[in-house]
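Listed after this line are the structures, all set down as structure tokens.
The same chain A turns up in both complexes below, where it pairs with chain B and then with chain C.
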Partner chain A sequence: MAVVTQAATAASDEKELLISGSEAVAEALTLADIDVVTAYPIRPYDTVMQAIAKKIANGQLVAEYIVAEGEHSQFEIVKHASTVGARVFAGSSGVGWAYAMECLVVTPPLRVPMLALVGNRALDDPGAFGVEHNDALFVRDLGWMLCWIDTSQEALDTTLIGYRIAEDRRVFLPLAISADGAFLTHSQALTLVPSKQKVDRFLPAYNRGDLQLHPDNPITVAPQANEDWVIEIRRQNDEAMKRAYTVIEEAYADFRRVFGRGPENPWFEEYMTDDAEVVLIGMGTISLPIKVAIREMRAQGKKVGLLRLRWFRPFPYERLVTALSKAQAIGVIDRNYSFGSPFASGVVANEVRAAMYNAERRPPLISFISGLGGREVMLDDVKKATDICYAAARSGQSDAKTHWLGVRD
Partner chain B sequence: MAETTTTFTNATQVLEPFRGIKKVTIEEYFTSGHRTCQGCESALVMKLMVKAAGPRTIVLGSTGCMYVANTTYYTTPWVVPWMHTQLGSSGSAALGTAAGLKALMAKGKIKAEPINVIAFCGDGGGADMGIGAISATLTHKEYNSLILLYDNESYANTDIQISGMSPYGAHTTFSPPGKVHRIIHKRWKKNMAGMMAAGHPECRYVATVCASFAVDMMNRVRRALTIGGPTFIHSLDPCPKGWDYDPMLSHELGELAIETGVFPLYEVEDGQLKYYGKTRAIVDGRKRKPVREYLLKQGRFAHFIEEDLAYFQAKVDEMWEKWEIPAVVPFRRLDATKSVLDVK
Partner chain C sequence: MASLIAEIVYRGIFQKNLAARVARGIVLSARKSGRWGIAFGRYGDSPQRNGIPAKDFAIVADTKEELEQNMARYEPKHTDVTIVLDDTLAKGVESWAWYGLQPINKLTVPNGTVLMTSLQSFDSLIEDVHKREEPYTLALIRAKASFSGLWVYREDHTEVRVLGALAKIAPQFLPLDGVCQAIQEIDWGSDLKVASAKKAHDRLESRVVKITEGNAEAPFAFEKPKWWEMREGVTIPAIPIGKPKEGGEGYVPDRNPYFKKYTTRTMRPVIDFDTCVKCNLCWISCPDSCFDVMPDGTFDANMEACCGCGVCEAVCPVEQCVTMVNESLFEDNASQWEMWRKDQAAYKTWLVTKIGDKQGTLRSHGFRFRGQYEQELAAGDLDSGGGVITAGIPGENAAHKTQ
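After this line comes the complex of A and B, so read on.
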């Protein structure tokens, strides 16, 4: 339930609402005047569709609202709507995202700038509603941009910024915004909702240009290319993803200019890292227990900081190397798994390892897996991880294995 | 594509039927550039389909022969805008494209005008993998689109494998006759058009067509696009490669499929069934040709013995003599002399 907690002041063109992460995304979609949205039920992302359905029913949002018969169709419908020039939105969670996989695969090479909300959820089996990041990570190699958000405010802001980035002709790639199931999709926080006028100053209309499918522009899209052209088309995707670095920087800078808030560093949030000997890395709402633990450990004299990774694709490897090089040890806490990977680590740990490989100074990196299936990450888990990192800092050596935190032995 | 103040009404184009072959428009919207097989009836279906629809049309093509053989990069035969969709996605492609156009026109973001949306699928993409999405689309009555299923009775692009639409006993690479099992494919073909018509009460138009009768076929396309909402057409397309016959016989086999009663021609408009063409003659009492005249012209049935031909004939007889609505709806009327509980 959205509750207005503060009457709009005369000068203010923002209102402040107590809303969940999913509801915040729905607010942004209304401001972005999306044209076509497709829904299919699966927890926990579906709360965004419930919020959208209410807005449609109440006339706050005018859009074609289609309840599909499965996630495959859900994503295929908006893909096609986008190619005729419509601004579109879809989303899913866990195995629902997996069911849509074929359609997720074709979206980047078609240069369809759709936005999707992934309410991160553990994959079946066994059944679990709780968060794991493996669902969204399915598409990490395919040309989807991926980011993880932490608060309702970030959910709203990132949705607006996301359309600006995805629909930039230099990019034209889809973006999946990941929100931790329950911890963010269902948790309410005070959120500033800007005015439509302000949003219109920031977010131009979607213009598909000469790629628009229309009788006035009779193009053939996605023909059979085979070995004659496929590698060139892959390369175009690669270039678009590389251009996204600049476009993302520009979009956040412009967002700050128009709205007067938002991070200076789009890529990651740094918390008490200035003097940190140990830097912990995580994505999403895991930041909360980590920040609390850091404050407690700082009171005991341990110089610990957090680097919360916001953007995963494109991966901010250069900024990350700069930020991490001064640490004595790095601890990556993954809320995902990658069975059989190097060091049996999670995905983020190995991405950071790869990013650091050419760095002049490579602090020891310790890999942790925690919080799978929605299990809470406890303060003691974070403190234990920090102790292991300190041991590595003292020895100057990584232990080359992955520690699972908070698991029954 | 400029903005306009024209009021959006969600109307369709009014496409009057062609009154005979000489009245058919001369413009082609599916031209050279494709590389379909000699005698390919499905390529003709594409050509006639879009000829019937005209230039203000968007065509979506799901994976299959009519994708792979028709849209080699840089040599597209499509004069109208065309886009690929995934194998099971003809329904979603039609729905998404129509919804996108409707949203943009209703909001004045593009000019309001009726644009035909046609999504085609093969029998594998349509009747097997994509049936759920087609079914869903046929319930969305506010979106104008036509889904055309070109049925060449196998996965013909991938080396000829059985689909849910392959006829009983057909020899395909997934159903080769062997020393122990003469018949591998023992399933009877799905009744796709009947199922779509019966299962979607708000779908205003379902038809079967065969390009052996080109004007009839084009007029069914024009009717489907004119009547609006989601519509469905099932086309039977003889396939020289998959059915194993001389390419010169494509038209003749299409005619035989209808004359033997294996494939009926009919349309269901607003719930009212109308047989047409040579099927109408059968309903009116003309004798059906024996199915062997149709089957034995095709190499895919070369392994059939008399027993198989008799089985096939009996199943087709059943369609016409036992079905509540002959060759359309396979329900059987209860024997009035028995109570419901007596029926086994």
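After this line comes the complex of A and C, so read on.
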């Protein structure tokens, strides 16, 4: 479905604000009336914690705002708050997210529906502020739901939808929303902010039920268990992640019903893919240079489209295979690395490869790595990638190597 | 082609090092006649918990292939010899909640051997061991259970006496010569220990246990829940709060229905309700919340919960009001207070017999007072198989330790 994402005009109960992705998240947290939020500064996530602090200081949001002494405590505190029934939020970036790893690991098995914002940032060393997706991807195998957003509007909407999904009893899994450092966290765009009434119609209160730590519900959480129990607990998590597919579809459909906007396909955005011979795949704000390059290439008669992956966990492998089945060649541009992986590719390329394995038609797939450390992805990079994909389409063969774009060589 | 599989059932912490020595000793002894072998512990056990039943295994085989075949499972399904390092384990093994009670002879092959260290008679032991469909041999090394702590090892030669006994039970795999040679070479071996092993070999007592003999009770068992039956979020419901004992008086807490602890303890407290001053100290101090509060204000140690730690005995201010007595002296887990209420004179007689038994009140782990070990040595309670044991460094291969 080739639809350009365009902000609708504001409905009577909505206001239009010029805000950054980080501020949009804070708007959504205010509307979701969160109870506990923890903070520890690190760029670019710190813009979110500032925006929330401002909301609280202005009296627009009443919530416990706890400045922790590090990311480890930051995530540990919200985990506990969530088990007593609080709606919680935390976030971090790069090595800060890495420092919280122990707490991030225990969150999914404890079925804590925490929302986290990862302002994607390159991992040290070298110390760098720019975007890379490896930080959020740390938790890709552990039961965290992961999605990548592209615009301030999507930041706001996805935060609201995110609570709805994570706090659904069928799921009860944490969700990390990834926002590209700088490109999204630090740039302001016109964004529609809905009314509290509408949000209340969409987002029910968090009800932890029989898992809530409360004197009236005496339970033990997180006991030591031996091998007689662990695999059953993992299987429970597996089931929750599988159920998330349905819950995500439901939540987006409901969002559209209540707010009158939002994508029909939650999983990925398709731009000019209907007749595309070459489909490029990417996550996050990389969509912008790709879309512009596509328009220029189409003017020269090249039928190129973009598939911007929104949800990475759970991974929409079935819909992806259907969407890619008509393409002559697929090019995946990863803003991450996975050294030593098959074909030395990025993470998304290998996920797509795996998803296509059982497909009837497997178009050639070419893997690219670009934009690491926040390096700008140039229109020429996208065009070069497209040419490589066209060559593969003609030969009918995938390259057995990964191309690095925009690296000095 | 043949193999020998031995399990070594022991008490957590107290016998952890002992069991490991026996397992190593079996493999190293069999190596002397060219066999291959492996020694390992059941990883899921928690041998760092005081007194909890745990297992080590030793497998020796003629060929490497056969060894691998037997190693391919987490815990062997059958054992040729079940070595029991403490005779209170005759009542069975329950290492965790939801395991149920595993009879001590459950894995022993038909006509296999259960080898125990014990001072009890065959008959009194067989009363404790669960009845089964196939006969087996009960073999006894005459000694009290060898218990030590986490950091100390009790050098009473038990490990070599077990090896000597095994040379009698399975000479085709563990010929006495090989056993003696291995003991001589091993870092904790010595000539004196070789003598102990030989004595144990010669003195081993054994008798066949018929299928008509043994404890006829069905051991308690549980079905573990399916993944979708378990509460999510690594969450387990708390035990509900308890109820008054009767007529609104007293208090009986609810307890974990899946962990009975019957076989966790080697000793249990015997309470003199007549001398109890109702000070609450036992109730407050018990780490396992064992004490049910009786309507008259005394405290009854519930045997479904007691791990036998002895804290209640240590804190009770009244002499001989709480006395720890060896578990083998009891046939059931019934309430002492109910027995006392039914017939106080009869209870007194029962109590005096239990706490008057010198062997029965010998502390199985730890000591009641400084110097008790020396006293036990002097009294000849410990049998070295003829050699002299001292409380100092007992005849290890000093040469192995100098490097």
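To be clear about the criterion, the second predicted complex is superposed on the first by the 398 of 409 C-alpha atoms of A that agree within 3 Å, B and C clash if a C-alpha of one lies under 4 Å from a C-alpha of the other, contacts with A are read in each partner's own complex, and residues count from 1 in each chain.
The rule is short, and it goes like this: a residue touches a chain if its C-beta (ideal position, glycine included) is under 8 Å from a C-beta of that chain, and two chains touch if they have at least 3 such contacts.
Note that the structure is a prediction, hence the values are computed from the model and not measured.
Contacts of A:218 after superposition: both chain B and chain C are touched.
Applying the stated contact rule after C-alpha superposition, one finds that A:111 touches chain C and leaves chain B untouched. In the superposition on chain A, A:235 makes contact with chain C only, while chain B stays out of contact range.
When the two structures are aligned on the shared chain, A:172 is found in touch with chain C, with no touch to chain B.
Between chain B and chain C, B touches the greater number of residues of chain A. When the two structures are aligned on the shared chain, A:188 is found in touch with neither chain B nor chain C. Contacts of A:341 after superposition: neither chain B nor chain C is touched. Overlap of the chain B and chain C interfaces on chain A comprises residues 218-223, 225-226, 228-229. Across the complex, chain C is touched by residues 109-112, 172, 210-211, 218-223, 225-229, 231-233, 235-236, 239-240 of chain A. If you check the complex, the residues on chain A that touch chain B are 33, 35-36, 62-64, 66, 68-70, 72-73, 76-86, 88, 102-103, 106, 205, 212-226, 228-229. Within the complex, the chain B residues that touch chain A are 1, 55-58, 60, 67-68, 71-74, 76, 78-86, 88-89, 91-93, 95-97, 99-104, 106-107, 109-110, 115, 132-133, 135-136, 140. Chain C contributes residues 43-44, 46, 96, 98, 224-228, 230-238 to its touches with chain A in the complex.
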